[in-house]
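Pasting the structures in now, so scroll down.
Each of the two complexes below includes chain A, the first together with chain B, the second together with chain C.
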Partner chain A sequence: MTVDKYLYQKISFFLINFMLVIGFTGVFLSLSGVSIFIEWFLGGSSMNFSLIFLFDSISCFFLSVVLCISANVVWYSKSYMATDPNANRFILLVVGFITSMAILIISPNILSILLGWDGLGLISYGLVIYYPSSKSSSAGMITVLSNRVGDVCILLSIGWFMSVGDFNFSIWALLSNTDFSIWVSFLVMLAAMTKSAQIPFSAWLPAAMAAPTPVSALVHSSTLVTAGVYLLIRFSFILGESCSAFLMFISIMTMFMSGVVAIFEYDFKKIIALSTLSQLGMMMFAISLGLFEVAFFHLLTHALFKALLFLCAGILIHGVGNTQDIRSFGSLSLNFPLVTVCMNLANLSLCGVPFLAGFYSKDLIVELACQYSWGIFILLMMFVCLSLTVLYSVRLTYLSFVSAYGGGSLVSVCETDYSLLAPVVILSFTSLMSGPVLSWLSFSCPTLIFLPTFLKWGALFFVVSSVVIMVSLQRLVYFYMWGTVKKFSGLMWFLPWLTGQWLTLNTLKNADQFLKIYDQGWLEFYSSKGISMGANSMSLFSLKFQHNSLKIHFLVFLVWLFMCLIYIL
Partner chain B sequence: MAYLQTEILGHTQKVCRLYKSALKHVFEYAPNRAAYRYAAVCVRQKFEENRHLTDALKVQTLIEDTKEELFQKQHSHPFRYATSPGGSAYGRELKSPDWVLDLWSPDEKAQYPEYFARREEMKKEYIVYWEKKFGNKAEELHHHH
Partner chain C sequence: MAALLKKSLLHPVLRNNGVARLQFVRLAGYWNKDWKPGPYPKTDAERIAAAKKYGMLPQDYEPYPDDGLGYGDYPKLPLISNDMKDPLYNWDMPDLKRNYGEPIHTQYDAYVEERLSNARIQYTPMYMLSRFLGIMGAFLAVHLLFEYNDWYLKHPWTPPQLLKEGKTHYTFEPLD
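Presenting the complex of A and B:
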């Protein structure tokens, strides 16, 4: 039970207003090409502290998208979390999360980015372990420890920036001739990889679906996971050729792995989480090609339609009795017509269907990649990943809305709650308009792309053929089709086991050996116990030598004192 | 045996459990309801074909072989109901044990005086009920000495 009956509405209203102010500021800054630094300076002669906030077009657009999604998610949570007894804790955590994200976005230097970065990791842990089940607890553990690796990398890179003289990325970005060590590039890239769940840090994102659905919509689709991409966009000057090549390989692998696993996944929210993973791979792929503005554009459009997808998923999950297994869904288009429309809109955007949001950003990445490609294998893998996106999206839509209902009876399968529907409708319109509007604002002049006809039509061909393939496959009834591939992909290529249980079990076993043999064994013998035993045996010897006589003991002490005085004087 | 036998099952129980496992297995794999119904009928037919068997060795071998087949072909995502153990919504309500209330500070307890007063009375009533039913172990031990 919340203290204030209208708390959620008030927070949502405040966020909407803040979003409008920031949004219009962003438009003004984008058109005028101006950046605003707000600095608080504290100090005197020898010690100076300053807190700087940067408001440029990038930070304003990102912040306004985050605030838009946050406002809708908070409004949605009013009804979704109404029956939850810990709703106060929930809203506090969400507000803390939005604050951390805002700090990260408007920070011009890596020190204050760390404040937001650590805040995001900590609060996302609090949100994942929101429910007191063992599944949430283990998911929270893997989330926070994966994010912790990134935190350490950022801390190490801060040390490096301290040695080169300046923490502000805006200053470094102005310099044309920057020669950074490969280690700091690798550290920043690794930090971004952990936050954005690239291989081998991908296990935490599907596991984090144990959190409530509004958390997944806000945190795990559009804000926390994009922090890594945002970091790389801001620190674009730091990526050298070798890091870009490594990032390209990792991003392609992540896209491929998440696409394949999503096809064989049966948890509704995990399919959407894997879809997020795939799109994050796409953003990282764009960054590795040097297309930072395009990656940022895709980040914004993806955030909107992915949050919409999660909110629709929440309504469906609520409707079929809190089950997330896709085998319990089916024919829901009859009972949830509005949610079906909005979810299909989000899915079609995700697939890159022409003139929806995803088309503007994703198709631009694909065409520019075709133009600047690093080889035929990369191109082929990119188109394969595009097809995989369509395959799992069509599967999701088919199993939710087209196939026969597979759930139980006595469930309230209907859409009547306007607190849930209104944010979904608002996000649908926002997502629909975001593609063209953001492309007009982000790119002042259209990008000229010259491609042969087959490459130009390649993306659309792969999308259409994937739709046909998946719809045909859904009608096939062979139970044990692709049994081994299904099992391998169903366990996410053993990545959660490899980076979770296997790694920690071996580390703990070795740590146990170290503890027993070295820490509680030889180190004790030679250091603490050794010193005390040595002092003990020396004092026993001196007692024996002194025949246990107090007079001789004091005489010896005086002799020692006399010798010390002689030495000093 | 590699595991501890905790219950003795009759033959009917073993067959019924195997049948239910088989139905769950085909439900997990079926892409839609119609396919599941068809597969369920086929499973039932297989069980009916072997219903007449009287040779205990043959029957046990069949049961073990079917269990092994179900194990080998188990689904990577077993179906669990949402609020059942292993389900997505399992364990979301945390019920604190009653003794946690004893750890509250006096300031916190003072906010609910009637509740805690009644709780103390109920504790005494429970001790009386226990001693009436099971006797007073402390007194018995004391008497032995």
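Presenting the complex of A and C:
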């Protein structure tokens, strides 16, 4: 129970107003081509401290999207977390998360980005371990330790930036010939890969679905995971040719892996998490091609429809009795008509159906990638990943809304709570309008792309054919075939075990031996315990001369003091 | 400052419904010398006494070998991680799956529910690593094959504008 009855509504209202201010500021800055630096300066002689905030079109658009999603999620949480006894802790964590994200977005240099970056990692840990279960604890541990690798990479790159002279990316972006060492490029790229869950750091994102659904909608779909993409967009000058080539391969494999695993997954939220992973791979793919503005555009549109998808998922999960297994769903379109419409809208955007949000951003990436000269393998994999996105989206829709009902009681299987529905409807409209509006604002001149006919129609062909294939497969076969593929994909290509237990097991065993032999053994003997034993024996030796006489004790002290003074003087 | 401290200690949100969140006194329950295991038991009487001390049957009691890296008379228990213990058994401490007074393994803290597990796994570590690296390596090999053999997607180009008599030809050289 919250302290203030209207606390969630007040926070949501404040965020909406802040979003409108920032949004209109972003539009103004975008149209005028102006960036605003707000600086607080302290010092003046030999030591100078300054805190700078950067407001340009990119930071204002991103911040307004984050605030829009946050406002809707907080409003949604009012009802979703109403019966939770720790609702105060929840809202404190969410507000702390939004603050960290805002600091990350408006930071012009890597030092203050680190403040927001570390804050995001720490608070996301607190949110993932929100429910008191061992599963949440394990999930939180893998989340925070994966993010910690990225934190270390950023810390190392800060040291590097210190040696080259400036931490501000806005200054480096103005220079035409920036020649950075491959190591700092690799470090920044690795930090982005950990946050955005690219291979081999992908295990934490599906595990983090142990968090409450509003947390997944805010944190694990649109804000925390996109921090890595945002870092690379801001530090675009740092990526050299070799890092871009490496990132291209990793992002394509992440898209492929997450698409294949999502087809064989039965947990509702995990399917959506894998879908997020796939789209993050798409954003990283765009960055590796040098399409930074397009990657940012896809980041914004994806954030909106993915948050919508998670909120719809929360309503459905609540409705069928808090189960997340899609085999217990089915025929929910009859009882949840509004949620069905909104979820289908989000899914169709995700698939890139023409004139929805995803079409503007995803299709642009695909067509621009076709326009470049890359190996046929990359193009083929890109279209395959497009198909996989459609396959798992159609499977999700079919098993949730079309197939026969597989659940238990039908008592609460209906839409009643307007606090849950209103944010869903608002996000649906926002997601619908975000595609065209953001494309008009982001790209001043429309991009003319000339491609051969088969490439131009390629994306649409793959989307339509994938829909037909998956609907046919659902009717004919229920995936009892391909046992080995199913096991391999069901265990997420063994990544959780390889990057979790396997990496830590031998290290911990060796660490235990090290602790016993060195830390609690020889180091104790020679340093702490050894010094104290030596001092003890020396004081016992001196006590023999003193014969328990206080006078001689003080005389010895005076002699020692006199000798010290002689030495000093 | 005083107002801030007062707010942090007495504010309802931070008090967590009456239980103060901020604790300034740490728990002083450190490991102490009374918990130190005894010396390695050499005689049968010492073994029986050690087994009784740890609440075990003498026939079940076995200490670690005294090779310099042992644990004195502490028993060498079978390593069973917490996730492998029966969740339906009536434990004294169900969340920890422990009974009161039960001797715990020396590596117990590494094998709790949220950490390591020595459960039987379906595939060996080498199988899992080889399959994962094999798939990634296969895709990488195909990718490199296409990239370094110039097997690109060839777009239709306009014909190159070569030098021709009677036609103005621009070279676009910068002015010196």
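Observations, loosely collected:
Just so it is clear, the second predicted complex is superposed on the first by the 508 of 569 C-alpha atoms of A that agree within 3 Å, B and C clash if a C-alpha of one lies under 4 Å from a C-alpha of the other, contacts with A are read in each partner's own complex, and residues count from 1 in each chain.
What we mean here is this: a residue touches a chain if its C-beta (ideal position, glycine included) is under 8 Å from a C-beta of that chain, and two chains touch if they have at least 3 such contacts.
Only a predicted model underlies this, so the values are computations on that prediction, with no experimental measurement involved.
Superposition note: with chain A as the common reference, chain B and chain C can be accommodated side by side.
When both complexes are overlaid on chain A, the residue A:495 reaches chain C alone and has no touch with chain B. Of the two partner chains placed by superposition, only chain C is touched by A:504; chain B is not. Applying the stated contact rule after C-alpha superposition, one finds that A:14 touches neither chain B nor chain C. With both structures placed on the common chain, the touch criterion links A:246 to neither chain B nor chain C. Contact with chain C, but none with chain B, is seen for A:377 once the two complexes are overlaid on the shared chain. When both complexes are overlaid on chain A, the residue A:141 reaches chain C alone and has no touch with chain B.
When the two structures are aligned on their common chain, the gap between the nearest CA atoms of chain B and chain C comes to 6 Å. 134, 487 are the residues of chain A that lie in the contact sets of both chain B and chain C, per the superposition on chain A.
Against chain C, in their complex, chain A makes its touches with residues 3, 88-89, 92, 134, 137-138, 141, 199, 249, 253, 256, 370-371, 373-379, 381, 451-452, 455, 487-488, 493-495, 497-498, 501-502, 504-505, 508, 512-513, 516-517. Touching chain A in their complex are the following residues of chain B: 26-36, 38-39, 73, 75-77, 79-83, 87-92, 94. Across the interface of their complex, chain A is touched by residues 12-13, 16, 69, 107, 110, 113-117, 121-123, 125, 128-129, 131-132, 135-136, 139-140, 142-143, 145-147, 151-156 of chain C. Of all residues in chain A, those touching chain B in their complex are 131-136, 210, 264-267, 321-325, 327, 330, 403-406, 474, 476-477, 479-480, 483, 486-487, 489-491.
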